[in-house]
Each structure stands twice: as C-alpha cells, then as structure tokens.
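Two complexes come next, and they have one chain in common, chain A, joined by chain B in the first and chain C in the second.
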Partner chain A sequence: MPGNFKIDRLGALLTAMGAAAIALLPFVLFKTNRIMPGDPQSLWNVLAPAAAWACLAAVAIAAIIALTLADARVRLAAAVLGIVAVALAVAAAGDALTPAGNKIVRVAPGSGFWLLLIALALLATDAITRLRPGPALRVGLLALFAAVAGMTLAHGTFDNLSVMREYAVSASRFAHEVRQHILLAFGSLAAAVLVALPVGILCHRIPRLRSGILGVLNMVQTVPAIALFGILMAPLGALAAAVPLAAALGIRGIGTAPAVIALFLYSLLPIVANTVAGLKRVSPAAVEAARGMGMTRWQILMSIELALALPVIITGIRIVLVQNIGLVTIAALIGAGGLGTFVFQGIGQTAIDLVLLGAIPTVALAFSAAVVLDSAVEVMDRKPQ
Partner chain B sequence: MIRIENITKRYGDSAVVDGVSMNIERNSITVIVGTSGSGKSTLLRMINRLVEPSQGRVLIDEKDTASEPAHLLRRRIGYAIQGHGLFPHRSIAQNIATVPRLLEWPEARIDARVTELLEIFQLDPGVFAHKFPHQLSGGQQQRVGVARALAAEPAVLLMDEPFGALDPVIRAKAQDDLLDIQRRFGTTIVLVTHDIDEAFRLGDQVAVMSHGKVLQCDRPAALLTQPADPLVTLMTGSADRALRLLSLTSAGEAAIPGATAGISVAASASLRDVLSDLVWRGADAANVLDTEGRPRGHLTVAAILSHGRSR
Partner chain C sequence: MPGIAVILRLTALGLLTAFLLTPQSFAPVFAPFTQYGAPPIYDQGNLLSLALSHLGTVCLAAAASTLVAVSLGILVTRGSGAEFLPLSRSLVNLGQTFPPVAILALAVPLVGFGEKPTLIALFAYGLLPIFENTLIGLQTCPPALLEAASGMGMSARQRLMSVELPLAMPLILEGVRLSLVINVGTATIGSTVAAKGLGEVIIAGLLSNNTAFILQGGLVTGLMAILLYDAMSAIERRMFKAARID
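And then the complex of A and B:
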C-alpha cells in the first residue's frame, strides 16, 4: 500500500522477541555429557563471523519485512528464509562445537534459538492465515513441510545436535514407539467411533437418555488421566488373574489394555456430544420431506441425517484424535509404550534432550492430525448451509 | 379417485380428526382449509400415512392404502411442504431425482425427467441443475420443492401449506403455476391451507375444517351461496362475499350473445376483475374476446351483478 508506512503491530512484537532472543539468551548450550548443565554460547562464539552475520542478516530481513510490508506472500517468504537460516545456524553450531568422533558431548539448542524459532514460526503462521489457503493447499503445505523436515533429518544435517544424538542412540526403539503411539491413539479412536456414533444417535432419538448419558461421560472426562489409569489397573489385573482367556488376549492391569480403555472412555464424550449436536442441526423439514417421499428410516438416517451431521461429527473426531495423541504420552507411565516412554525416561535421567525426542514428534503428530481433519471438515461443510 | 371413509385420529382422549369422510375426484384440486389446530394437516398426512389413522380408512383407486408398506405407498404419492424441505447437501438435480432414485429408474430416464421438470418450472437446467438449495431464492426453492414432489409422475400430489412462506406477489405466481401444472399433468391435488383466498383461487372443491370435523365440502360457490354452518360463513367472510362469488366465474362463462360499443375484456378474466375494470373506466358494457381476439359475446354491469346475488 503506497504511502502507508504504519508499523505492523504483530511484526513489532515478534521483532522485539527475536531481538531479545539474539541479544540476551544463549543460542546453544554446550554440555560435556548428556546430563551436565549446559554452558551457554552465543551465536558469535560458535560460528565463523561470516556465517554468524549471514544468519543475522537473514533474520534482520525477516524482521524488516514483518515490520513494514503487508503482503502475506512476502511475509511468508521472509519467515521461511529466517527459519532456514536459523536452522542451518544451529546445525552449524552443533558441527563446530563437537570434536570429530566425539559421541559424549552434547550441543543443545538454547532458549535463544527456541524463542527465535517461535517468533519466526508465528510470523509464518500469521502469513499463512492471512493468505486463507484452501483445505487442499493447507494439507499440501503440511506435506511439503514434512517432506523437507524428513529429508534434512535423513540427510544428517542436524546429527550433531543433542536431540538427534539421543535419536541415534535409540533409533530402533524410536520407530517402534512411534508405531505404538499411533496405534494407541487411532485404535482407541476407532473403538470410540464405533460405540459413540450409535450412542449419539440414540441420545438424539430419545431425549430422556441424553442428559443421563452425557452426564456420565462428562464425569468420566473430569477424572484425571493418571487417576483413570490407576482406577483401571486393579479390575483389569483381577480380570486377567481370574479369566485365563482375558490374560491370553493380552489384558493385564498394566500395559496396552488399560491405556486403550482409558483413551476410549475419554474419546466418547466429544464424539457423542458432537453427534447429538450435528443431528440437532438437521432441518426437521428435510427429514419430514424425506419421510413423505418414501425414504425408509435407515435411508433417512444414512443419507440425510448423518450426511448433514457429518462435518460436526468429524469435528468431534478431530478433538478426540488430537486429545488422544497427547494423552498417549501419559500412557507410557503404565507401560503402554509410545513416545511418552522417552519423555519419562528423560525426566528420570534429567536428560532434557531425551524428553524432547518424545515431545517434539508428539506435537508434530497432533498438529498434523489437526490440519488434516480441519481441512476435511471444511471440504464437507462447504456445500451445505 | 381418493375416498376417505369415516377416518379418525385420536391422541389420548382428544380426536384431532373426527370421523371425516370425503371423496376426491380424479384430475381435480381439493383444498382443505381451516384454522390452525383444525386437524387439516393431520387429515392430509393420513392420506400418505405419515400419520396412521386410529379408525377408518383411505382408498386410492379403490385400493386400501393400508394394504402396502407405508414407504412404498409414499413413493407413489407426491408430497410438498411449507418451507420446501429441500436437502441442503444435495444439488437441485439430485433433490428432484430423489423419488425416481428410490424407485430405481434408469439413469437416462432420471436425467431426462429432471431436465423436463426444471424447464417446466422455468429454471434453466444449465444454470440450476448443479446449484445447491441455499443458492436459490425463496420462490425458486419452492418451485424445486414442487418439482421434486412431481418427479416420479405421481397421480396424486399432497401439499401442506406449500406457499405459506412466500410473499404475496411470488405466492400469486406460484398459484398460477400450480394451476398450469395441474392442467398439464392432470394430477389430482389435495392442498392444505389456512388462507381462504388461496382456497377459493385453487380449489375445484373446498373442505372447511374446524375442530377435527369437515363442516362442508363443496364447490367454492356453494360455500358462499349455501353455507352448511355459520362457521363456514364466518370463515369465507360475509362482507365481500358477493365479490368473492363474482371472482369464481369467468367472463367467457358469463358472456351474453351480441356485441356492444366500447371496451373489450379477456374471456379468462373473472367477473370481479371485469366489474372493477368497468367501474374504473366509467363504462357500462364490454365485449368479451378469447385468447385469439375473437368475440365471444358481451357483458353489462347488470349482467355481472346478477352473478353476484345469493339466488
């Protein structure tokens, strides 16, 4: 916009964040081994002056664009440039501080790096939001980001950073725990959908059931996850001891069984509630017309009522999936596996890098699930209404 | 064509429809008119068994409607309701194709029928077939609602306050369209309304209902000239009943032989409109011309007034 030199407010905030991160906080932490407290290092201490200046220049360009330009595409490009520069700088810092062949020292990204990354990521998110990408493009962007991240990780760009060091140590277990994590989250979701859909339909049809069932499910939702795991332990243990078949099926007081059951219970409320809400918004005139034209009850349910309620139901499933991906982390406490294993091991060993090895993929999984399902809802909701 | 025999619907102790009998001729429009709570909708909905009668029966072409599964019966009977009830997630073409799909018509026949109906209802198939209901105006949605009800070529069409949600101008147009459609397909129509003007305008036969009973079921003119119940007079209105009566006769029907000097009127115009025209123009007589402009006789004010008397 010519003649309009207003300073962008979000840009100002993010620039302040980034400046503080570079000036005051350590860019990386150098540890002589994985559980020692880190020795803070600034960008200038670890990189050759040319590299440090290059990185700073890229970030400065991003800041200037964030402050002055309104075009979302330019802002997105600036944010991506900044993120690439900062990521390369942290990788280079890892390479520079690690003596060749040394597997004991740890170079961890410091608070300065994380804050800078968050500021740039916020700039990127804001730009993407302003661009209003369609559902297909959003999923496409996510896939592109995942592909680039996967390729750089596979290439070994970050191999000298602490989290990747932890990964190298437990690479084979990592794949297994990711699989277990996804299996637990999706398995309990699938079971919940199978039960919650009919229950939701029943609640819609019989109003007297509604408050009772939703009340009970609400109560389940308020039980803290750890407590629920604990509550399930005793009866499942007893069941396994008393019924050999149950034990043969893998039901025990600890492990996968209580985890799946607890996640299943937590999943019920959002799906049942959204099924009821979705069916409620179906126009009674449409149902009346469908009946009057000779559709059977089953045809009305499937092709009118559920079809119209689907976007709201999928929204419920999205809530559950994101919630489950987070909750599965806690299930590691009762031996169910998943990425939480690394988190709790890390806490036990005061090895923060190991915690991150569990936490970062969990966040990435939950975020991806949210983006994909939100896009699905948008595609479905676009036609009606 | 449709015979309703002593039909009753009770909810608990109260009878919503109470011992109603009625005959509905083939190719006619029967309007059931009444205040809200008179049981008119319930009576209509017992014809396609959206409401199951507590007592009595309905015969269509001498066949008891209870003798086949309700959903199969309904596929043979068109049904249009107030607020159209279109399916918001389906295109206009898909909406219209609903019953033919249920009846498993071949795809080509369905497409041809959808195109035909869109054209009849003045909705350009190229423009409207793939639109969704929310992209249409209220009048267009209502037309699609009626088109959908007629899709499977039903011999009987039931309409529950089909024009209730329309504004007066669009409503008048929709009523004219319905009369055209009825002439074109010869559909037997049963229509429920609370609007007595609509009843007089559309009905070959009008049934006046109150408290679950049919007070009188007759030609519109008979409701005015030989009311069976004071409530019928109350509902048809006594202040303008002479004019109402005039509106039921066309100029062509009332024309007397011979010609007159002066203005001319269309044979299809109602006597009420001709009288208004004469008063407005300060004339005493008018020639009646048919649609091709041929003389069909003439009308005088005195002749017109004689049609408005309660014999």
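And then the complex of A and C:
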C-alpha cells in the first residue's frame, strides 16, 4: 500500500513495552531452590550469543512490522514469530542454567519474559480481532493453539522451567485435580440448567413470580463464595451424621457436596434471568402464527419459543460456566479439590510456580469455554436470519 | 410497594449497624451454630474495624478503577485513540475469563502479602465492567446530537464534557455499581493473603469449624453488598431526576 508509512500507535506502545522488557527487566530468574528469591539473569547472560541474537532479531522483526504495516495477517504472523522465538529462548535458558540431573534448582521466567510475551500476545490479539474471524475459525484457532501447546509440553520443551518442575513433582495429582475441577464446574452447571430452565419459563409465564424469584437469586449472588461454601458445610455435616444413607452417598460437610450446591446456587440467576430475557425476545406474532398452524402449547414452547430464545439462554450458560471455572478455585479452601489446591498451597508456601501451576490451566479452561460458547451463540444467532 | 422496600432496607441497615457496634448482644442468635462451647461471636478482632477496612479497600479499588477505566474509555473512543479500540474490546472480553483468585495469587510475589495484592486484584477486576459500560455509553450517543453540538460551535472537549459524558453517565454509574458489588464479595478472598477484612472472620470459622463465624462474615458482607447496590441506585435515580427537571 503506497503512502502507508504512518507509525502505528498501538505498535509504538507495544514496541516500547517490549524494548523496556528486554533492556530493563530480567529475562529469567535463577533460584537455588523452589522458594528462594531468584537471581535475575538477562538474555545475554544465559544464551549463546547466536541464540540470543536470533531471538532478538525475531522480536525486532515483529516490532518493525507492528510499527509500519497495517495488514492484520502480516501482523499476526509477526506476533506468532515473536512468541515462538521468545518461548524457545526461555526454554533454552532453562536448559542452559540447569546442571544435568539437578532437580533442586529452579529457572523461572522473569518479569522481562512475561512483559515481552504480553506485548506480543496483545499484538496477536489485536490482529485476530481486526481479522474478524468467524465462529468456526475462532474455535479452529483455539484448537490449533491447544494442539501446539500440548505437543510442546508433551515433547518436554519446557521441562527445565520452574512451573514444569512443579508439574513433574505432582503430575498424577495434577491430572486428578483437573478432572475434579471440570467435574465440579460442569456438574453444577448441568444441575442448574435442569432447574433454571423450567423456573425461567415459569417466571416468563407468571409475571408476579418474576420479581420475587429474581430478587432472591440476586441476593444469593451477593453472599461471598467462601461464606456460602462455609455456610453449607454445617447442615450437610449434620445431614451426613443423621442419615447414614446420605453419608454413604458421599455427602459430607466438607468437600464436593457443599461446593456443588454453592456453585449450583450461584449458577441459577444468570440462566433464569437469560431464559426470561430470551423468551421476552420471541415476537408474539411468531407464537400466534404457530398457534394458527395448530401447534399444541408444548410444541410452541419447544420448537418456537425455546428455539428462538436459545442464543440468549446459551449466553447465560456461558456466563455461568466461566464464573464456575473461576469459583471452583475457591472451593479448594473447603477441601473440594480442583486446581485451586495448587494456588492456595502455592500461596501458603510462597511458591509462585505452584500458584502458576494452578492459575494457568484455570485461565486456559475459562478462556476456552468462553471462546467455544461465544462461537456457538454466534452460529445460532445467525441462523434464523 | 416502595414503602415496604424502604422499610426493609432501613431495617437491614439498622441491623447491620447494631451488629457491628454491639456484636455481643447478638450472641444468643448465633449460639445455636456453635459446638463444644465455642464463642458465638468473632472474638479475634473488632468486627466494626474489619468491616470498615473491608469497605475502605473496596471503595479505594473502585475509585481507582473508575478513574482508569473511564479515562481509557474516553481515550479509545477519540479519533487519536481509535487504533486501540478493537484491542481494548477484546481485552474486556478476555479479562472477564480471569478468575480473581488467580490475579490475587499472582500479585502476591510482586507486592508481598497484605492489603496490596487485594487492592490490585480488586482494581483489575473492577476495571472491566466500568470500561465496558463507558465504551457502550460513549459509542451509543446519538450521532445527530453530536452533530448538533458541533454545529453549535462546541469544541471537541466541550462536546465530551457537556454532551457525551452526561449521556453516558447512567451506564458508567451502572458499571461502577456492578464492580462495587462484585468487589465486596471478592475482597473476602483477600484474607487468604492476610488482608484485613471480613474474609478473616469467615476463614477463622472455616479453620475452627465454627459456623457462627462463617455466618457472621457472610451475612455482614452480603448485607453490605446489597445496601451499597441500593445506595448507588438511589444516587443514580436522584441524579437523573434532577437532570431531567433541568
């Protein structure tokens, strides 16, 4: 494009961020053990000059493209190139600083690495946003990213970095906690959908019920999560003590039962509210037409009203799922397991790598759930038109 | 109907104040929730000062996020900041998938234990609703009105201050209200990193298996959130009634 030599402002901001990260902040931290404060190391100290220059060159190319070119595809490619280079550099730094066979030292990515990664990720996010990918492409990109990340992790590229060291120590527990996390988040969501859909339909049909039910559910939302978890412990504990069958079914004062019930209660409001909003959106003319065609009330509800309200209802489910994935983290405090176990253990031991081991997968889960469900809503919203 | 609502709220406020000022007089209420003669009322600190520092942390964080979110919202909707608009929209969506515990836990190694990581987490978490609403508010100003303002000879700055911001104000305030209410609850998690607040009471209850403590902490926090929500709604209504009469 001729005459397009204007400096891109976003590119300038991101370049400044990246330059500051490289010049002023440590690329990695070298710790003699997992809880020691790290010894800051720059890119030049840890990598062979050729490798360090290669990484810097890739980042510089990304910066120049971000500053001068407007084509989103080129910018995305540049950002990906930068991210790959920085990721390989940090992996190489981990390998270089770890003496062979040593399981005690920890090489943690430093603030310089994180800031550089954030700048490049922002460049990629901006490019993807400008490309306006359709729902299928978004899910495809997510799957591609997950596959690449999964393969590099399985290949052991990052095995000498601190977070992966923490993972290696508790690999079997990690798999268990991930399963538990997903089970808690999705299980309480499923239960909430079963209850909230009929309640939402009822609220729509009988306006007098609406403000009362929504008011009560609103109030539930104001109770802080740790309190609701805690409050449920006592009655469930009493129930388990009084009814042997309940105890045999696994209902206890601590653990999964209070967590699922609390998450279920928090999940009701968004789904009920969105069901009501979605049904309100259905035009009376459509219902009238269906009635004219001789459909029964049940048929009208299932194939006209709920079908038309579905995108709004799924939006409610998306809110709940993302919220649940975050809240399950807190359920670790009452012994329900999940990835929060690592977060709180990490806080307790001031071991940041353990915190990351819990936090990164949680964010990844929530993010993937949001992308997939948002895409689903978009597909459904497009269909009727 | 409004009469009953007002009475309910005043009763809630009265109960909350009475409980915070003289918690011991509520001991019989909470006694059934204790076991083995455990204290029915939180006794490891002053409930009033805990509630006040809880509220203080929440308000300080909300003030900071309002300032930053509204400024950013204005910046990206001006011509000079338009390049940042698509990215900031995506960031609003992405940010909401970040659980508050994660922000809190990641802030600890950077700033240490105590109030600061809580403030950072609440600040970051409070940004999103306010920024989102500021964006919607500023972008949905009727173009005809903006043109009329320019036609009257208003400068870009005057137009922002006396047309766009006032029009966007209801949505902005709604964002502030939302983030305040969310943060009152979220701040309780701050006590896991040694911040002073009502979470302390709940966690003490969890640790000593004392349901009375958990109930107290949860109820006081919940009541505070509801009253704050109502107070903000009342302020909004009053502001807009006044504006309409003008």
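Here is the rule we use: the second predicted complex is superposed on the first by the 384 of 385 C-alpha atoms of A that agree within 3 Å, B and C clash if a C-alpha of one lies under 4 Å from a C-alpha of the other, contacts with A are read in each partner's own complex, and residues count from 1 in each chain.
Note that a contact is a pair of C-beta atoms (placed from the backbone, for glycine too) under 8 Å apart; a residue touches a chain by one contact, two chains touch by 3 or more.
Note that the structure is predicted; figures quoted are calculated from it, not measured.
For A:G346 in the superposed arrangement: first (chain B), second (chain C), both or neither?
A:G346 contacts chain C only, not chain B.
On the A-aligned overlay, A:A286 touches which partner chain: chain B = first, chain C = second, or both, or neither?
first
Which partner does A:V322 reach: the first (chain B), the second (chain C), both, or neither?
After superposition on chain A, A:V322 lies in contact with chain C alone.
Among the partners chain B and chain C, which is in contact with a greater number of residues of chain A?
Looking at chain B versus chain C, the one contacting more residues of chain A is C.
Looking at the overlay, does A:V223 come into contact with chain B only (first), chain C only (second), both, or neither?
Only chain C; A:V223 stays clear of chain B.
Where does A:A366 make contact in the superposed view: on chain B (first), on chain C (second), on both, or on neither?
A:A366 contacts chain C only, not chain B.
Is A:A175 contacted by the first partner chain B, the second partner chain C, both or neither?
neither
Of the two partner chains, chain B (first) and chain C (second), which one does A:V243 touch, if any: first, second, both, or neither?
In the superposed model, A:V243 contacts neither chain B nor chain C.
Would you please give the residues of chain A that touch chain B in one complex and also touch chain C in the other complex?
None.
Given the complex with chain A, which residues does chain C contribute to the contact?
Residues of chain C touching chain A: 33, 80-81, 83-84, 86-87, 89-91, 93-94, 96-102, 105-106, 108-109, 181, 184-186, 188-189, 192-193, 198-199, 202-203, 205-206, 211, 214-215, 217-219, 221-222, 225-226, 229.
In their complex, what parts of chain A are in touch with chain B?
Against chain B, chain A makes touches at 283, 285-286, 288-296, 299, 304, 307-308, 383-385.
Give every residue of chain B touching chain A within the complex, in rising order.
Chain B reaches chain A through residues 48, 50, 71-76, 79, 81-89, 98-99, 102, 132, 134, 145, 148-149, 158.
Give every residue of chain A touching chain C within the complex, in rising order.
8-10, 122, 125-126, 128-130, 219, 222-228, 230-231, 233-234, 322, 325-327, 329-330, 333-334, 340, 343-344, 346-347, 350, 352, 355-356, 358-359, 362-363, 366-367, 369-370, 374
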